[in-house]
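After this come two complexes, each holding chain A, first together with chain B and then together with chain C.
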Partner chain A sequence: MKLHEFVVRRLLLLIPVMIGVAIFTFAIAHIIPGDPAAIQCGDKCGVIVDFTEDGEPISAYEANRIRLKMDDSVTVQFWRYITDLAEGDWGESLLYHRPVVDVVKDAAPITLEMSFLALFIAYPLGIILGIISAVRQDRMFDHVSRFFAIAFVSLPIFWFAMMLQLFLATGTEHGGICDPIFGTEGGCFPIYGRHDPSYTYPVDGYAWYYPAGGTGFHLVDSWFVTDEKLATLPSEWGSNWLLFKDTLFHLALPCAALGIASAGSLLRYMRASLLEVLHEDYVRTARAKGLSEFRVVIVHACRNALIPIVTILGFSIGGAIGGAVLTETVFAFNGMGRVAVTSIQYLDFVVIMGVTLITSVIFLLSNLIVDITYAIIDPRVRLE
Partner chain B sequence: MRDWDGGKGNRDESLRRLREALSQSKSDLSRSWKIYRRSLLAMLGLFMVISVSLVAIFAEDIAVEHPYRNLQDTEDKWSIDYEPRRADPFSEECDWHEQKITTNPNSPLFSEIVVAESDDKVGDDNRYYRDTLSVIQFIKLEDSLGYDLNLSLLSIDPSNSSLLVLSPELYGNTSLYAGVWVTYEFDNEEMHHWWMPDGYDVCIFGTNDQGHDLFSKVVYGSRVSLKIGITVATLTVIIGTIVGSISGYFGGRVDEVIMRICDIFFAIPGLILAMAFVAAMNQITSLTIPLWLGILFPIFVLAAFSNTYLNSTVPDDDQISEQAMSLIMRYRGVLLALVGFIFFVGWMPGASWPDFFGISESRSWRAFAALGILTFLGAIILADRRFFLNTSFEGGLGRIKDSFDWTNPWRYLTFRTLAVFVSLALLFSFSGSEGEEIVLIKDFDRLWKVQAALIFTGWPGYARLIRGQVLYVKEMTFVEAARSVGARPGRIMFRHILPNAWAPLLVAFTLDIGGTILSASGLSFLGLGADAYTAEWGLMISESRRYFLLSPHLMLYPGLAIAVTVLGFNLLGDGIRDVVDPKNRR
Partner chain C sequence: MKSKLKATLLCTLMIASVLAGCLGGDDDEPEPEPEDVLGCTYADAENYNPDATKDDGSCTYADPEPEPEAVMGCMDPSANNHNAAAEEDDGSCDYGMAQADIMAAYASGDMSFSEALYELEKSRKCREQGTNNPCEIVEMSIGDASTIDPHDAYDSASGDVIEQVYDTLYRYAGDGSGNAIIEPRLATGYTVSADGLTYTFDLRDDVYFSNGDKMEASDVVYSWCRVLGYGSPDSHVGWILEQSFDCNDADGNHDDNGGLSLTVNSATSFSVTLFAPSSAFISTIAYTVGAVINADLCEANRVVDTDADGNVVSDDYCHEWMDEAPFGAGTNAYLVQSWVREDRLVLVPNWMYWEAGDYNINRHTVSIVTEASTRLLAFTDGEVDFGSINIEDLVNFCDNLEDKPNVQSKDGYICTYRETFTTTLSAFNLHPKVLDAGEDNTNTGANSSLVINHDCDGDGTNDCNVMETAALREAISYAFDYETHRRETYDNSLAPQYGPIPTGFLFAETQYEVFSYDIAGAEQILEDAGFIRQYDCASLTHGEAPTVVAEADRDGTECRLPNILRVMANEGNDYRIAMAGQLEEALGTIGVATSGDAKPWPEYLTMYYTRTWDIRFSGWAPDYLDPDNYWSPFAGGHSIGGDAYGTGYENADVNAALLIGRTSQDNAEREQAYIDAFAAWQTDPNMIIIGQYNGVGVKHDDICSPDWVAIGSAHWFDYDKLPEVDGALVGSC
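On to the complex of A and B.
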């Protein structure tokens, strides 16, 4: 099978899964108790807003039902939902009174930035420690690192995040272990949020100095803040580098909380994978040739040991997005996870549908990319 | 005339074989234990799991305070209003008690000698009672407006340290309002435990803002967490094994559809799916099934079992059943259309469901019934010829007559009949007297919802795992041999394939208990799990977020408890993996 055939086949396989996810979210949203028409009008449901042609009064509640077309049969509603989805109309949030697409567009970059950075930290860390652990098999380092790997997988993310806050973000007088490194209050890392609140000085509003319509990834956007906006900031903040550093510092603790479990599991996978490879014949050949142990492990063994690790990437992205629900709640990031929690708490099922769909799209696409990468690295996969 | 001695040789032979198998499995176990013992981490894990389980079992003896327990509820609610005050771990304030004393001589409650009593407590029989406290010294005396009074206005009775004597000035002074608040240190003897050093008592972990003893709460929390973990892991294993083995054994279209359904589950992050599912189950207060289903299901089970039994006793070349089957197959399209018609009519607002099945009108029930019909539909489409072959009921009466062997009733005492009767008994013991419905779970409270959500999101992982195992074992020679002597799929599955595929399942089961505890506490942390003031570790952390800076111990101990429990199960699972899967052991 050629590579492009493989890609096309995988893309076609995505379609039934996506339809399945759509059916699924639709079903769950319709099982969730609560009448969206009643939620929208709140305590003004009885107010007469209009009259029919026969002179019958229409209450706000009935008007909402008509507007949301809730009297149609479920099959019709589902068909309309699918066609609307295809046209890019994901409905309007009952809670935020904004289109769901906008809500998701604001929230998704936050989660993605955090998850990707977390994996970006976790991967090198897990892989390097896994290599060392495998090379020093059954020595002290191996035992200790394996124990910590399991321990980090076992930690509840939200608790670990709060512990990080307690020790690294509260300062020594509150029981923390470090004091501010620069400028900020509290400990050496900011306690929550995406920015230092003093950055919003002197204009109210949150991230006003970031370019409107930017990517939403503030690590990127901070470099595109124009000079006249920087000039309005206090002089000690007024540089792109400091904005970037501020964003990075705010991301540090959430990413640590999110990435630590991935790093732990990666260490274990990498160790097992490398140990398997180290018993292969070609490694023995390489050793027999008189290559240095470093070269044998890094060049000959690791290249093959890393191949299975690629597949884990797909699952860790899903895990990171799931874990982001907890991390964002602790660190007050308004990402997808927080939106999901709020919408479920307030039974805003339009947003629940949107968020579930978009997370599954992200997950499926990243898995697709991982699979294609895998097929490129290891052509045997395509042959099946 | 039967020859009763004829069976003796057989019995001896089977006994010998049984003994052999037992000793074999015994030596296998001891060998496994030897391998397991080698790993320090695995032993640590076993120790942790055993100690957490012991704490959970003996929670009533270890804990100092006890929750208010509604016997019909599945959870322990902590609604004792002990003293609404937070105390740090190991602080002496835990021996302090605040009590109101009426000082108005006209009040019916007034008395010059007041007994020092604890707050209301709830006993095992759900009745309120109060303990008598023996006072050591007074800490503070306040009038009802909160102003300090002189401590000498009150004194302890020299003969009985639990009696407080009011001085005449205290109630003679009319400028005072109706009562005073006294804070005193009492002898906390009854709360000391033999295994705790002197002075460490109810406050070993401190108390939370409601005055609940954190230590007792953490101890009771182990029950909730272990219960959730083990229930969910067991049920997901059962569901996943059934689905996965069907998928792996039959292959083809069945496999394709089941795996696509699993893909859908994998595509949505588990926690978000579980959250949505918990929210969806918000209004269900008790889990019931309609009576017709409750009656039909055991009958189907019975029919299926007796059918396989009949098939094994009677030669299987019946022309009638072949004809009937081909008839069904010929009108398969009509059958499909009929079921599809029912399905779509069900969704239409005009047609009412109660007319069809006598079930309630709610949206969730429509969805469940529709799901059931969908499953049926899918089964008909997918199961194909095989489905009809395995459930042909033709010529049943005659066969039943032939197959009854009254001379030896013991032959009916097989595992299958037992399973059928147990399932019947369970169904009817759970059934309440609520009209046309059978109650499966009476109080479908939030913990049950969490468990249902985690089962719902968890089974696809096991289905995939078991499918892989079955695909692997299926190709082995002994399965081929079993098939060639004419064993049926069910027998091959349960007797030949699954016993050889259980090893990774055991590992996944152990690891999954830990994972489930993590997810359940995460859900509780988000406010979607246990009810307020339940002794659930995730909820305790969530409730302590408000006192994050002031009393970090409130979140420290529950979090440590989660970490230790999950770590224990993970280490145990790793150790078991080393034993059962020699490839990873290096």
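On to the complex of A and C.
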């Protein structure tokens, strides 16, 4: 099978998978105990808010059920959901009072930007330390790095995030270990948020500065803010570089929290994979030919040892998005993780389903990319 | 030999030299005086002559260096032209035109809107200088506003923003003693017709919307009718006005401009006629739902969809436009500069704001931070000025927390005791139900059935539930350990409340302590009411018939009620769980069987709605500042528009008294009505009223805030932030 055929086929397969995900999420959303109509009015569900044409009182709770069309049968509700979905209408959030598409569209780039940057930290760190650990097997470096790898994998990510905040984001008088580097009081990195609280932006919020149709990744979009808009900013944010730096500094700790946790498991994978390869015949042959140990390890052994690492990239992306739920909550990033948590708390089903759908798409696409990459780097693998 | 010769020669030479000196001159002949060289001998002179031996007075000097001149300029930091480098004030400070003069010029047409805006900003903006950004406040909140449309907002996070942007005719304020008062805002006064039905309001004539449009009576009428016409579909907040009036025309159709009930008398006067006299009316319109919006702008941005026949399919009453508080929509002190939902909201001054005075805060940022530890770190570290700090973390900033009214502040912080009007209570359900076979608590559509297990009318057949018996509810009220929960469970964060009206409200003094923890008394009440120990406890369910133990076989461990009472609390609320646990345990000792796992919040609410509960721990926060807002929802029967918990409680005496309290314009009569209501209620209680929350707020010590407002929101225009210069705060609150 040719590559493009493989890609098209896998993309087409996404359709039934997405339908399955939609059915599954719809079912889960309706199995979860609770009633969004009741949550909406809380202690005041009994307040009479209207009357029927016959003069019968309608409570806030009943009005909510009518508005949410909850008295329709589940099959009617599901059919409405699926047909609306097909027409691009994902419904309107009860919590955010906005179309779900808009909520997800705003939140997804935040999570993806953080996750990608975290992987940029995790992969080089994990691979390099894994190589050194394997080469120096059972020596002090190996023991220490394995200890930290297990620690970072085992420690709850929210705890690790909080420790980073405490040590790297607070002032030395409050337990921090470094002084401000840029635009913050306290420690060397900001404690929370995607931008500095004093960042002044006018009526339309971020969108006003960052170009319409931008990526939503502020690390990228910050370079496309026009001079006219930059001129309206205070001097500390008055250039593309300063905007980029502000974004980068705010991403540093959340990405470190996510990335270092992932690096721990990558280190273990890389170490195991490389150790296996180092015992292969061809490595022995390379050594026998008199190649330097560096060349043997990096050029000959690592190339093959990296193949299994590529396969876990897809899972890493999924893991990073999963980890973002906690990281975003700790660092007050309003990405998909925090949106999902908040929506679950308020039983905002349409948002829960929207986030689940988009997360599934990201996960499937990343695995598709991994499969393609895998096929390219390992000729023994055939596309089927 | 050679050395001897050398020594002889050397000695000869020395002797010869001495002799030559002696023979050089005659001491008696004076040497001639050397001739003086005349010139300037002063080294600092321009023409100094180093060879001169005698000064001839010719020295000349350069002009002396002029003393450096002091930098002149305006030294007042509050002036528009403040010069930080100035060393001497030259009297040139420019403070801009006076606010009143600018507004007068704008009103007369002598100044355009943009000119007025420019001058007002110059005149009113905060200019304080310091290292702590004294003109800016950053706040952390745990929840974001749902909308900034005041006519469809019912949550406090939305209200906190709405109160900065929109104005009401009256608003709630603190009196400095913990009591809530109502103060005039857009209205200057009102009169009430003799029948108590028609209110005529007089309005200020100096109020402009932020876009320069003048606020007039027609804007108020339009705003209130918009509440009713739009119907607040998301929040249902409209009920607060709907209970008082409508905007219908003679045909019963809604009229956006007032209908028969609201009449514009002039630009500064209008009248509204109520369904019935209402002593709480001013209080209801002081809630944010009574906010005044720009009618013209709303109409211009209203989206009405019609079908092919011209019938209205949907009408958003400009909600989409109003949702984010657009420019020109409100008259209050601030504008929403930007709002990134669930992230941050930024408020900046509305320079057209009518209240006299300058701004102390030019920018107020609200960041949404849900994680408590992040809020704590950011506050401690000084990245934010204040925010929601958990009770257990207050110890970092405050002392003497065990005595909250007398809380002390640690260095750098201000801790303030705050008594709120949020009540915690436990309601009794007089008409409890059980789910039908095959249904569970997650199904709000369940066909739950009433539990009929008691003979209320004494005719020998069961016709009611035991919870309809006043004696049982009274006994349960005595089985609750009020003091322990206020002191220990709530860690002194609950102030006593003896009746529906919380302390700080009008007529709160009409109530007094009746119920206290008296388990023996509770048991005696049950015994006296005929609830004797007769049922096999093991046979009890929520709705099935119990097994009666034969009198001869009773050993005193039998249960008194024919069913198990379900005591509800919700997971995550440890206070409610602890209170429910204590009550269940106490009731168990007097022969009342209970069950009550803490339920997840959704299930808790679903049980509430399906009425499948008997005793339910809950809470209530005020909508508006009137006793009726507590009495009627709590203890008023459904027949008079009360019973918000759907408990089926109807007490004719209580209802009659509440109707008087609700409608009378005479305070003495109202007071007596609430005394009567309380007297009737205490013999027939429908809930355990436990207390009202108090708490401690904390902020950095550079923040100056006005009196605590227990109902409504803080008003940032009244806040100040002291500048910090050279590590010390300048001025005091």
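By definition in this document, the second predicted complex is superposed on the first by the 312 of 384 C-alpha atoms of A that agree within 3 Å, B and C clash if a C-alpha of one lies under 4 Å from a C-alpha of the other, contacts with A are read in each partner's own complex, and residues count from 1 in each chain.
Here is the rule we go by: a contact is a pair of C-beta atoms (placed from the backbone, for glycine too) under 8 Å apart; a residue touches a chain by one contact, two chains touch by 3 or more.
It should be emphasised that the depicted structure is a prediction, and the values quoted were computed from it without experimental measurement.
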| message | Taking the superposition on A as described, I'd like to know which of chain B and chain C A:Leu129 touches: first, second, both or neither. | response | neither
Message = Per the contact definition in the header, classify A:Ile39: touching chain B only (first), chain C only (second), both, or neither.
response = second
So, A:Phe363: does it touch chain B (first), chain C (second), both, or neither?
-> first
Notebook entry, point to check: After lining up the shared chain so the two structures overlap, which partner does A:Arg194 touch, if you call chain B first and chain C second: first, second, both or neither?
Noted result: second
Exercise for the section: State whether A:Leu166 touches chain B only (first), chain C only (second), both chains, or neither. Expected result: both
In the overlaid three-chain picture, which partner chain does A:Val47 touch, first (chain B) or second (chain C), both, or neither?
second
Does chain B (first) or chain C (second) touch A:Leu251, or do both, or does neither?
neither
So, does A:Leu266 touch the first partner chain B, the second partner chain C, both, or neither?
neither
Request  = Examine A:Thr75 and indicate which partner it touches, taking first as chain B and second as chain C; both and neither are also allowed.
outcome  = first
Intersected contact list for chain A, partners chain B and chain C 32-34, 71, 162, 165-166, 170, 174, 329, 347
Listed in rising order, chain B residues that touch chain A in their complex are 40-41, 260-261, 263-264, 266-273, 275-283, 344, 347-349, 363-364, 367, 514, 518, 521-522, 525-528, 538, 541, 545, 548-549, 552, 555-556, 558-559, 562-563, 566-567, 570-571, 574, 584, 586
Listed in rising order, chain A residues that touch chain C in their complex are 32-35, 37-39, 41-50, 59-61, 63-65, 67, 71, 94-98, 106, 162, 165-166, 169-171, 174, 176, 184-187, 190-194, 197-198, 200-206, 208, 329-332, 334, 338-339, 342, 347
Within the complex, chain B is touched by chain A residues 16-17, 20-21, 24-25, 27-28, 30-34, 71, 73-75, 137, 143, 146-147, 150-151, 153-160, 162-163, 165-166, 170, 174-175, 272, 275, 318-319, 321-323, 325-326, 329, 337, 340-341, 344-345, 347, 352, 355-356, 359-360, 363-364
In the complex, chain C touches chain A at residues 133, 136, 138, 146-147, 231, 233-234, 236, 238-239, 242, 323, 327, 336-344, 346, 363, 365, 367-371, 373-374, 377-378, 380-384, 441-442, 444-445, 600-603, 605-606, 608-609, 618-621, 633, 641, 643-646
